[in-house]
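Here the chain labels run A, B, C and D in written order, and each chain numbers its own residues starting at 1.
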Amino acid sequence: MMSSVIKLLWLIPVLPLVASGVGALLPRPRRRTSVALALGAMSGSLLLSLAAFAGTLNSGRETVREVFNFAWFNFGSATVQLGWVLDPLSAIMLVMVTLVSLLIFIYSIGYMKEDENFTRFFCFMGLFAASMLGIVIANSLLLLFICWELVGLSSYLLIGFWYQKPSAAAAAKKAFITTRIGDLGLLLGMVWLYSRTGTLIFYDNGQGCLEQSALSHLALAATVGGMAVSTAISLLIFCGAVGKSGQLPLHVWLPDAMEGPTPVSALIHAATMVAAGVFLVARMYPLMSSGVNPVSGSTALQVVAWVGAITAVFAASIAVAQNDIKRILAYSTVSQLGYMMLGLGVGGVAVGMFHLLTHAVFKALLFMGAGSVIHGSHEEQDIRKMGALKKLMPLTFATYAVGMMALCGVPLFFSGFWSKDAILHAARHWSVSAVPFYLGVFGAFLTAFYMTRQVCYVFFGRRPAASGSSRHPVAQPHESPAVMTVPLAILAVLAVLTGFFGTPAWPWFEAYLNGGHATLDVGNIFADGQMGVMATSTVVITVAIALSGWIYYKAAAQSPRQTDPLENAQPFVFNCLRRKFFIDELYEATVIRLNAVFSRFSDWLDRKLWDGVVRAVSALTVLLAKASRGTDESVVNRGFDQGCEGLRDGGKVAARWQDGQAQRYLRVIGAAVGLLLVFLIWGSK
Amino acid sequence: MPSDITFYLLAALTLAGAVAAMSLRNIVHCVLCAAGAFAGLAGIYLQLNAEFVGVAQLLVYVGAVAILLVFTILLTHGADVKLGSALISSGWKTGLAISALVLVCLVVPVLTSPGLRHEAASGVVAPMMQKIGEQLMGQCVLPLETTGLLLTAALLGAVVIAMNDKTAAGPKTGVPPNHEAGKEPGLR
Amino acid sequence: MSNLDQVFVTLLHWVVGLVPASLQPWVSTLVIILAIMTVFGTCFALTTILERKILGRMQNRYGPNRVGPCGLFQPVADGIKMLTKEDIVPFSSDQVVHFLAPLVLTIPIWLAFAVIPFGRNMTAIDLNAGLLFFFAIGSASELAVFMAGWAGQNKYSLLGAMRAVAQMISYEVPLVLAAVPVVMLAGSLSLNDIVQAQSGYIAGGLPRWNVLTPWGLAAFIMFLIAATAESNRSPFDLPEGESEIIAGYLTEYSGFKYALFFLGEYMGLFAITSLAVTLFLGGWHAPLPVLEWLPSWFWFGLKFSALIFGFIWIRATLPRLRLDQMLSLAWKFLVPLALLNLLAAAVWHWSGQCRLFPGSMAVRWLVCAAILVFPGIRLGRSLNGLSATPRQYRYAK
Amino acid sequence: MTTPLSHYLVLSALLFSVGFAGAVLRRNVILVLIGIELMLNAANLNFIGFWRYGAHPEALTGVMFAIFSIAIAAAEAAVGLALVIAIYRHRRTVQVDQFNSLKG
């Protein structure tokens, strides 16, 4: 049964791909068929994923891995192989991605109802789902890279969905280019890996590049800087992850990506695509962790951890000062991704992946909640203009609250708490340094703070008076239709349930991933400092919620919203946070200007130097042509004519003697005879 | 002694005829003088005891060639030469000079060369005609035959060349084609 | 008998003897010349009157009988008339040529007599190319005729001269060809030898004259025809053609020059006849051995006058020939026959050697005759064919 | 004293040069032909002269040569004059100068 699933594994990405392909051919008015196609494909993929997941579950043996490789093409002696793999990591991701996608598809039916490009939307969403699933099942870094690019492409298409808006187009371009920079690192790493190991297949019964033989070979080889080749390659690959998951240097595109429609943000910028980076690191974990000293993890993992920690705090702090509901969530996603990287860096694959799963669920929930809020308040995104929606949109408020609490990591019932706790626990026991732990805790505090601020502004307090926008007459915000609220409810339930899989008491998730067997043992909770970590986080979170609630509950109450209280307290810091630490301006100043200078220089070079050279060459040839014509004209022709002239004159002279006068000939003969005689007779004496 | 006188006489006759033939204005007179010169030469040949050659000369030149010349003159209206047209072609000085040169080249060696025998040969070979006949039929039979052939060819050729082509003239002349007038050239 | 025969020869020697040795050759030639001129001069005179008397008789009339007994002095009258008549020279004529023409005509004719053997040892100059000399001299007369015709500068005389020259040239060829068999058989060009070849008699009866041989007879006939043409007489007297072009090339002449022309014409006739006699009639040989006692020159004279009578007779009977008939007769009848005659003579000569069987002489005669007769008839018929075609007249443009 | 050979040779030279001068100078083509005939006769005279005064008169070569040359001269004269008649028919002239169509 196991092998039969692996054969059908390739169907999972192909179904949505086919759906999007057919959808692309459909004319705009065929909305229903495109939806049907998309949903059908997604549900098919979901079923197959569940089947695959089930397959991996009941084997119960040691880490199970099904591999199917085939030769794509061969050139010369080398052949390029592709393949897909089914192991716990990919199985769990398959289920998560297909489930979340399906829910978001259903949600977007309601959300995109008015949009006229409805069919195109679902076509792009199908493409995205297919490429995401492709990344998940890829057994070859090449196939993974191909799907990685497709994901980038679909994110560009979806962000720029409303391409009429210049800001959307700019955001799409920004997203595409920034991720492209990260992908460059990934590409270099891939090529280096191929040149070193000769194959890009991860697991090929011993031959794969992630298997021990290749890894040992890589670890030993040293690069120029003394760094192990494996470390260098993994760092390069991590660059791709940084780009895609929006880590510190390359995070600028994520907040701007909010220009796209909310389901897009929910699916791509919350749950799946951004998680691809984390998944890549998880997939390449054997390579990354093949460092010299297994205890403290290889330098690569240290880098991952530090980058994750710093990004978490950095993004959280910016989120505090944002006023756009989707931007706050965006920055929260960036910080949560930081936490995942931190988890991977310190705790290993299980810790990171568990937080990824839980985050995917509640962040999708939060985004869809925000979407329904925006939908309800007629496209209004600025939280300062919202308020008192608690009573107007009760279901949305309920599900949003569940999501908020899961995100903040409210203890016991909410998945966020358990996954974040696991990370903090791992950070706590990280041998290298304790700083990431404290950063993590401070991050948690900030997360709880800005989420509470957001909820207060959006749902509590009083609505500002008559702020009706010009287009719509002032309309009361209303609850979203069922098609949107049902997925919210489902996700809310999931947000709670997923937490229980990875609790220290019953670490099923870790066992599942590592192939072990999980036993329910409540005692574990109190084991080696788990309790301490949980306690500190609970305290931190409650303090943050209380503080934020206290500040912003009053602020929300004032009908004409004043400036943010924090701003009054620390105007400079608040302004700095709101302007996102001026990173965009920094980039603008450095990279872009440099680019402009360089382009201007090359333009000058092209115009002056090369054009000049070409013009010079042409002038030379023209000169040459003139010269040759001149010589030909004067020397050859005239010389030749002269010769002929001479000949003709000579001929004329001779002709004069040949004038047909017989008697003249006779005279000549006579004279000749005479002379001859004279010569003969007297000459010879 | 008489032979000297006859020789000088004949020589004078011949030379006078020749010079006259070359210098007279009226062509018919020229031809007649030429005939006279040829006759004079025949006489000289007879005087040199070469009867056959002399008689042949008489027969051929005086009889045939002279008549031929006269006929040609009549046929080509040469006789009524327009007065005033230059008798002698232009540039006659060079011509005279060249002929003088030729004369000198011939005469001087004759007069100065020592090897010439001055006395006549001893008695002439008696049966001259007999001898000539044998020679003709003996040693010189080939030249004889070829000469015969040549003469026939010349005869036919001359007739063909000189015959005014009846075809071109067309039937209007009324002369029946088969009534070939033989030697009588068409007078015109 | 021999002294009678040689009477003239002895006379000559006697006269020459009178003169000192140095002049003897000159004197002998002079005497011979005088003799020939007187004999033939009187013969000329006689012939003119005889011709007219005989013509008259043949035309059933008397002929000139006023001057002297039966008109015998008529030539004297004519001679005086000729001399006294004014010698008119046309203004536009070519004086020199006009004057020279009669001279150039008569002088060669007189020269022709130098080689003819009148009798035994009676030959002026015995050239061994005598016959050839005779013909060469004969050909000179054409030039003279032309000069005569040309001198007058008038169309008719020129036309007449042209006709005369054409006729004389045309008939010179058969004349010479007729003489060739004789030379072939005699083996020499000298006339004495030819006469010598005809001496002797066959079986005591027939003389060996050429005329009695088949080729000889044919040659004789052809010779006579050619001779009449050569001397512009009777059937061939187109040049004078009184009825058509007045007197032909003689129109411009009168007085003594006309007489000279007349003399020249008759002398030409006499020369040709005497040649015919020597070639074919055995020269001065007697026809029969019995008649040998008569002097050689007598026989020569007899044969000569017989032929002259023949010519006159022909003149009386035959009408004038047309120009084309005359020329075609020459070229299409006489010349081929003469060439054939050569063949016949060759056969005769060759068959002469073999005396296979008794009748060989008669058979030989018949064979040679046959060779000549049949083609002759054939050629003759072809001649008639010519005249059969309708004559197309060409009108003056 | 019979006349010496040189006289004959001088006579023939004279004849030859007169003939040559005539042939070269006279414009009428017939006279040119006559000139040529004279030259030929002069040559014949030389032949006979040398034969008569030569060492071997019995050889008769001179005579034979003269005979054949006379025959050929006759043929030549005939053809020459025929040519003249033909040319006259086309060009209506007997002036030698005008016969220059073969001009170079």
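Keep this in mind: a contact is a pair of C-beta atoms (placed from the backbone, for glycine too) under 8 Å apart; a residue touches a chain by one contact, two chains touch by 3 or more.
Bear in mind the structure is a predicted one, so any value in this text is a computation, not a measurement.
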item: Centre-most chain, if every chain is reduced to its averaged C-alpha atoms; value: D
item: Relative to chain C, chain with the most remote C-alpha centre; value: A
item: Cα-centroid distance, chain B relative to chain D, in whole angstrom; value: 7
item: Distance between the centres, which are taken as Cα means, of chain C and chain A, whole angstrom; value: 150
item: Whole-Å gap separating chain A and chain B, where each centre is the average of the chain's CA atoms; value: 129
item: Centre-to-centre distance between chain D and chain A (centres being mean Cα positions), rounded to whole Å; value: 125
item: Sites on chain B at which at least two other chains make contact; value: 52, 56, 64, 71, 89, 95, 98-99, 102, 106
item: Sequence positions of chain A contacting 2 or more other chains; value: 661, 663, 667, 670
item: In chain C, residues with contacts to at least two other chains; value: none
item: Touching pairs among all chains present in the structure; value: A-B, A-D, B-C, B-D
item: Residue ranges of chain D touching chain A (in the complex, touch as defined); value: 20, 23-25, 32, 96-97, 99-104
item: In the complex, chain B residues that touch chain A; value: 89, 94-95, 98-99, 101-102, 104-106, 108-109
item: Chain B-facing residues of chain C, complex; value: 25, 94, 96-97, 100, 127-129, 132-133, 135-137, 139-140, 142-143, 146-147, 150, 158-159, 162-163, 165-166, 169-170, 172, 188-190, 323-324, 327-328, 330-331, 386, 389, 392-395
item: Residue ranges of chain A touching chain D (in the complex, touch as defined); value: 654-655, 657-663, 666-667, 670
item: Contact set on chain D toward chain B in their complex; value: 1-22, 24-28, 30-31, 33-35, 37-38, 41, 44-45, 48-49, 51-55, 57-58, 60, 63-64, 66-68, 70-79, 81-86, 88-89, 94-97
